[in-house]
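Should a chain be cited, it is by its letter among A, B, C, D, E and F, assigned in written order, with residues numbered from 1 in that chain.
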Amino acid sequence: MKLIIAYINPFRLDEIRDALKEAGVSGLTAINAQGFGRQSGHTETYRGAEYEVDMVPKVRIEVLVDDTLAPTVIDTIESTARTGSIGDGKIAVLPVEDVIRIRTGERGNDAL
Amino acid sequence: MKLIIAYINPFRLDEIRDALKEAGVSGLTAINAQGFGRQSGHTETYRGAEYEVDMVPKVRIEVLVDDTLAPTVIDTIESTARTGSIGDGKIAVLPVEDVIRIRTGERGNDAL
Amino acid sequence: MKLIIAYINPFRLDEIRDALKEAGVSGLTAINAQGFGRQSGHTETYRGAEYEVDMVPKVRIEVLVDDTLAPTVIDTIESTARTGSIGDGKIAVLPVEDVIRIRTGERGNDAL
Amino acid sequence: MDSGHTAWLLMSSALVLFMTPGLAFFYGGMVRAKNVLAMLMKNYVAMGVVTILWVLVGASLTFSGSTTLGGYSVIGDFNLWGLRDLGLSNDHFGLPYPDNVHIMFQLTFAIITPALISGAIAERMKFTAWAVFIAIWSLLVYVPVAHWVWGGGFIGADIEALDFAGGLVVHINAGAAALALLMVLGPRIGFRRDIIRPHSLPLTVLGAGILWFGWFGFNGGSAFAADAAAGNAFLTTQVAAATAATAWIIAEGFIHGKPTTLGFVSGAVAGLVAITPAAGFVGPLGAMLIGLAAGLVCFWALRLKIMFNFDDSLDVVAVHLVGGILGSLLLGVLAEEAYGGHSGSLELLGRQALSVVIAFAYSFGVTFVIAKVLDAVMGIRAAADDERSGLDLALHEEQSYVMAE
Amino acid sequence: MDSGHTAWLLMSSALVLFMTPGLAFFYGGMVRAKNVLAMLMKNYVAMGVVTILWVLVGASLTFSGSTTLGGYSVIGDFNLWGLRDLGLSNDHFGLPYPDNVHIMFQLTFAIITPALISGAIAERMKFTAWAVFIAIWSLLVYVPVAHWVWGGGFIGADIEALDFAGGLVVHINAGAAALALLMVLGPRIGFRRDIIRPHSLPLTVLGAGILWFGWFGFNGGSAFAADAAAGNAFLTTQVAAATAATAWIIAEGFIHGKPTTLGFVSGAVAGLVAITPAAGFVGPLGAMLIGLAAGLVCFWALRLKIMFNFDDSLDVVAVHLVGGILGSLLLGVLAEEAYGGHSGSLELLGRQALSVVIAFAYSFGVTFVIAKVLDAVMGIRAAADDERSGLDLALHEEQSYVMAE
Amino acid sequence: MDSGHTAWLLMSSALVLFMTPGLAFFYGGMVRAKNVLAMLMKNYVAMGVVTILWVLVGASLTFSGSTTLGGYSVIGDFNLWGLRDLGLSNDHFGLPYPDNVHIMFQLTFAIITPALISGAIAERMKFTAWAVFIAIWSLLVYVPVAHWVWGGGFIGADIEALDFAGGLVVHINAGAAALALLMVLGPRIGFRRDIIRPHSLPLTVLGAGILWFGWFGFNGGSAFAADAAAGNAFLTTQVAAATAATAWIIAEGFIHGKPTTLGFVSGAVAGLVAITPAAGFVGPLGAMLIGLAAGLVCFWALRLKIMFNFDDSLDVVAVHLVGGILGSLLLGVLAEEAYGGHSGSLELLGRQALSVVIAFAYSFGVTFVIAKVLDAVMGIRAAADDERSGLDLALHEEQSYVMAE
């Protein structure tokens, strides 16, 4: 099993979730985050004081999937999130040793 | 060492934290999240426009533990968080290569 | 590749980000979190009712790095975040199987 | 009719009406984020429901004529129903401003009184049950009590108890009803087990600011003229609020180590409550004593809900019931001839005490019965799941804050 | 001059001025968090720009003298420019309070009217274009219409249509302009595809509370005296707001299953809008009917934007245009001699209908042209990227909420 | 006594009192989330402490009799202590409304003046030290300066400087004190190094709206009657605020590229400050000039804290000190006989300048000494750890926002 993490632009969340649903993913978890990267930040001005803020709002989604579905999930996120401009985000794939569904106690792929 | 991630219902956080404390866990980190899964969402209505919102508020907790404590932690979360209804959440276990306590520079199990 | 997670005190974020930038890190993601650990919490009082709140606000940062840069990143966070008092936080190192840059589709170290 | 008095009563009406939104935010900030809209709504809806009933029959039953029972006037009549015969004169009340202004001014009191109760039943009562409750309560409790005290009824006319701006009619009345209603409703899930914290104290502080502002209309307008009596009521209101707020945070500092923001504004409201019955009968120094007492006693009264184990979520009993009783009784001692024509005396204190007992008993008893009947008929408590997930979504299908879109 | 009338009109001016901040928050809570400051700013800026123009020429063109066209007065003159000759008397208007108070009172109406439009163009219009728009619109649309109705112009003097406090001048005027402007501007990115939710309903509820409070100055002050007519307008205002709010949530309960907080306050505003032209001409029961109609009809009118597929983001058309028309027409039927000297009749209804058509047509037409010209000259719509990332940062370089520092 | 004047002064008192909550939110929105309650509290507490002192001795020392020094009246006496002899007449002040109303009206000024200072010491001062500070400051600084200008003291009576509603007494006084206090206190940790951003500009914008609204009582009430002079002060207040706000964002647009919401409301407050001493002495066009100057000069004055490297956290110096001086001086030039009986002249300008110097020097000097002594006695600065983790938790054991429970 894998844990797939993606840092995406907040306004793409709905689309990506719908695409993943269609691709067969049964769940995901989204968190509001602040990202720093190549994408430039913005200027804020308060009473004449200008600040360069280089953290931009991002959403971090994470999806637990079994190994066979992993490539599809990555492709789906990639194709739905890509706009071609800096800040589209990144995907990371981490190994997962076990997954448990709390409600039933199922483990491993069954828990997904 | 393992990183144990659990997606739980927000109102169970206090109980789970207390149970984990008793089980010997020395720390954890909790983050507000939005979850999508089998649990159905809810309808929101604003001036006659009805929206199906299928993300529900969840808390994502993560606990770093040494290998021996891991099963206890999993069991504790499982038994405390379980209500038997859809949306109780999931637990994932990830391998961790190293842990460092910033204050002391201790590494590995000592850092927990 | 590694995913380096650090739980830090919120007011150290700017410094740590700047230090990591200098150390060659090209990006990171920060999330507001609540931490429970050895650091004692605080008392809150509302109309005579005193509550012990043992979760303290933390920032959780995560950095994807290639294996060679990992030690530098750990050292940098360690040295910048350390104040020597309880609550300085922890760093965890997780293995990462793959990273994808959404914009370009690059994979692995190239995606960082 | 006098344009100056009219101007002041118009303005006072607006000020008191504005107190209900103020109260909504005072309360709304203290509940958890998942229940804030439900709390606001329970207050705002009083501006809807009570207004309609007041125009149709409430004003008439309170202020038109008397229906007697054993020689005591216990309720008005229906002659003024729909306010059809109100016209543009001041014939009905003979006050130096138009009758319609008086009806409007009094309406604002009829609105905020049931709204005050909502603090006790926060985070768990059904909205529809609440709306029905305040409709019935307005007619069966508020209207008679207001008639007894201000409408020619036996408390004002026979017992001759004093209530300048609503110690009996508003605060004791609402506080007693709050106690009865919460007893029927039961405590929130997690009461005394979970940490239940205010979700946004800035909203509470804002609400308190609006309440403080509006209270000048409440007490100042109750002089029914723009004159020195109004000025005195205005000044005593300010003094009592200030002293109570200061006393409360000093007490807090001694007992908990820190003065709190919520403490300051709670103290202010306690002082405002306690001075309400007395505002026109005492002077600035009397008001300072009342404020001091209110700050300390209401702060202490927070323990009642722990001692007797009832979930008065936002402390309506400690602030409004206790504060209202305190003010009504202290006025019996501190009233000065020079300000409102009455001097404190044992005899006046006795009349005040009697009126307090009657108002409390009636409101508590009738409210308890209403609540029991309503609970049997339609259920007054939200489902446990709705309570857990929050009333905003469950009862109103709305989200209070959506910060990341 | 009379001090009581002066006091009330001073106070009414303050109340109406306070409505613009109220409106800002009413609207501001309904947009997404990334656009809240831009929304507040579009309202507040009216307090700046319109005030300057009003003092320089607006007041003069509205209320000083008449310039006729075919015998009908269509605009004032420049004699009062800069308010230089206003002095400290009441010679100009002959009202029982100083001329400067009247100019100030009227200014507050001139400010809020363009601000109302901003709800229709939320989350996508450029700030500079908006500022220029309201400057031009005030002079080319607000000033003439206000002159026609209240300044001696042909709608008031010749058609003899009634408009107590701004059904034509304020609500239909703003509503028609909103429709024209949003047609030129186009819908928001994601309209009817994405979930676009209010980011902070508590702000909206607060704004509604302030609006409700301020409206007593709006309608009550429009009696131009602190007398029984003011009292009646005050009371009818309250009754209509209360009834409309209640009707709206009952309708919602039937259709969607749940009453909503946003529904309650939207209904209240709809009732306030509808009673505006009628407040001094009907009594409490007439007001109740108008409120009932407003609650139901404006609730229904939310569908217009779905039916005709236009993005009236915060429903200015459904609430202000439809509500304003409703009130202006119903007044033609429900007016009672006893309250304002006019009785409902087919003939009055006809005059009302004619005035509605004229106000709508003029405002819609001229606004459309202004919008088109402005769009050609400077572009009125924010860049798509700015719209996506949010107008607060893009147009104002500010962050609305920074919670974790 | 006149009911109309009484009504207006009652209302003005309520409006000015409401400004302190307004100010609390204006400031509270600008600090970081961890310090918002501490900021609100520093403002609200003035409503408590100052009221008590005012009733006990402050009012008496300001307005009762004179104690002279070299022939100049420098302070009042204790005859009115506790307001015991105030009664219900207007004998004391001989104004057309009751004495108690005048005492109340003046109290609201005594409250907001120290509250204004709190913006300069945001996010780092201890609460208890602050509470003690304003108690001492009220008696040693506010009371004498108010006596000198308005209570029969030498600035009003001998220098014959003009101060309609508090340029000297309120704004220069508070601004100079702010400068002295912040010099003793030192800058916040991270000043000019970290990004210190407002946590909730909507709260600031709301506070500004309340301030603007309340300012009509501040300046309008300072005519001490509901008459044409009040009307003029009301109108000039509006014009100055509007012009300054507009000028500020235009300047911002030129210099930073974007107009900001915070800029608009800051400009409005700057305009309100600058017109305060002049409101009754100039007409609408004079007010426009004062507003224009205030918008541009105060915007420029933001640089002072950079140039001289002091941490005036929320710009009390740039807005209140600079704005107050500007208005006091410009009034010396722009005053017109027709409005307030005085014409601008070099001689008047001289008197104004002298009064400005005296008020500044006295307030700065005495405040500096008070601050130094207090710091030595009890420490006025919060511990560094408390400052870092936030004053809300550290000083008040409260959390401002708890959104996820």
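One rule holds for everything that comes next: contacts are C-beta pairs under 8 Å (C-beta built on N, C-alpha and C of every residue); 3 or more make two chains touch, one makes a residue touch a chain.
Not measured: the values here are computed from a predicted model.
Engineer: Spell out the chains that contact chain A while also contacting chain F.
Structural biologist: Chains touching both chain A and chain F: B, C, D, E.
Engineer: Would you mind telling me which chain pair, B-F or C-D, is linked by more contacting C-beta pairs?
Structural biologist: Between B-F and C-D, the larger count of C-beta pairs in contact belongs to C-D.
Engineer: Which one, B-D, A-F or B-F, has the same contacts as A-E for more than half of its contact pairs?
Structural biologist: Interface equivalent to A-E, from the options B-D, A-F or B-F: B-D.
Engineer: Just give me the whole-number Å value for how far the CA centre of chain B lies from that of chain E.
Structural biologist: 50
Engineer: Could you please state the distance in Å, as a whole number, between where the Cα atoms of chain E are centred and where those of chain F are centred?
Structural biologist: Averaging C-alpha atoms per chain gives centres 33 Å apart.
Engineer: Touching two or more other chains, which residues of chain A qualify?
Structural biologist: Only 31-32, 44-46, 50, 53, 94-95 qualify.
Engineer: Check each residue of chain E and list the ones that touch at least two other chains.
Structural biologist: 2-5, 7-8, 11, 195, 197-198, 200, 206, 256, 258, 260, 262, 397-399, 401, 403-405
Engineer: Specify the contact topology among the chains shown, as one of line, ring, star, complete or other.
Structural biologist: Graph shape here is complete: every pair of chains touches.
Engineer: Which positions of chain F touch chain E when the two form their complex?
Structural biologist: By the definition above, chain F touches chain E via 2-5, 7-8, 11, 15, 32-34, 96, 195-202, 205-206, 208-210, 212-213, 216-217, 220, 225-232, 234-235, 238-239, 241-243, 245-246, 249, 253, 256-262, 264-265, 268, 283-285, 288, 338-339, 401, 403.
Engineer: What residues of chain C sit close enough to touch chain F in their complex?
Structural biologist: 11, 14, 42-46, 50, 53
Engineer: Using the touch definition up top, name the residues of chain D that touch chain C in the complex.
Structural biologist: My answer: residues 195, 197-198, 252, 255-256, 258, 260, 262-263, 266, 299, 302-303, 315.
Engineer: Which residues of chain D touch chain B once you look at their complex with the stated criterion?
Structural biologist: 194-195, 388, 393, 397-399
Engineer: Which of the residues in chain B come into contact with chain A in the complex?
Structural biologist: 2, 5-8, 31-38, 54-55, 58, 60, 74, 77-78, 81-95
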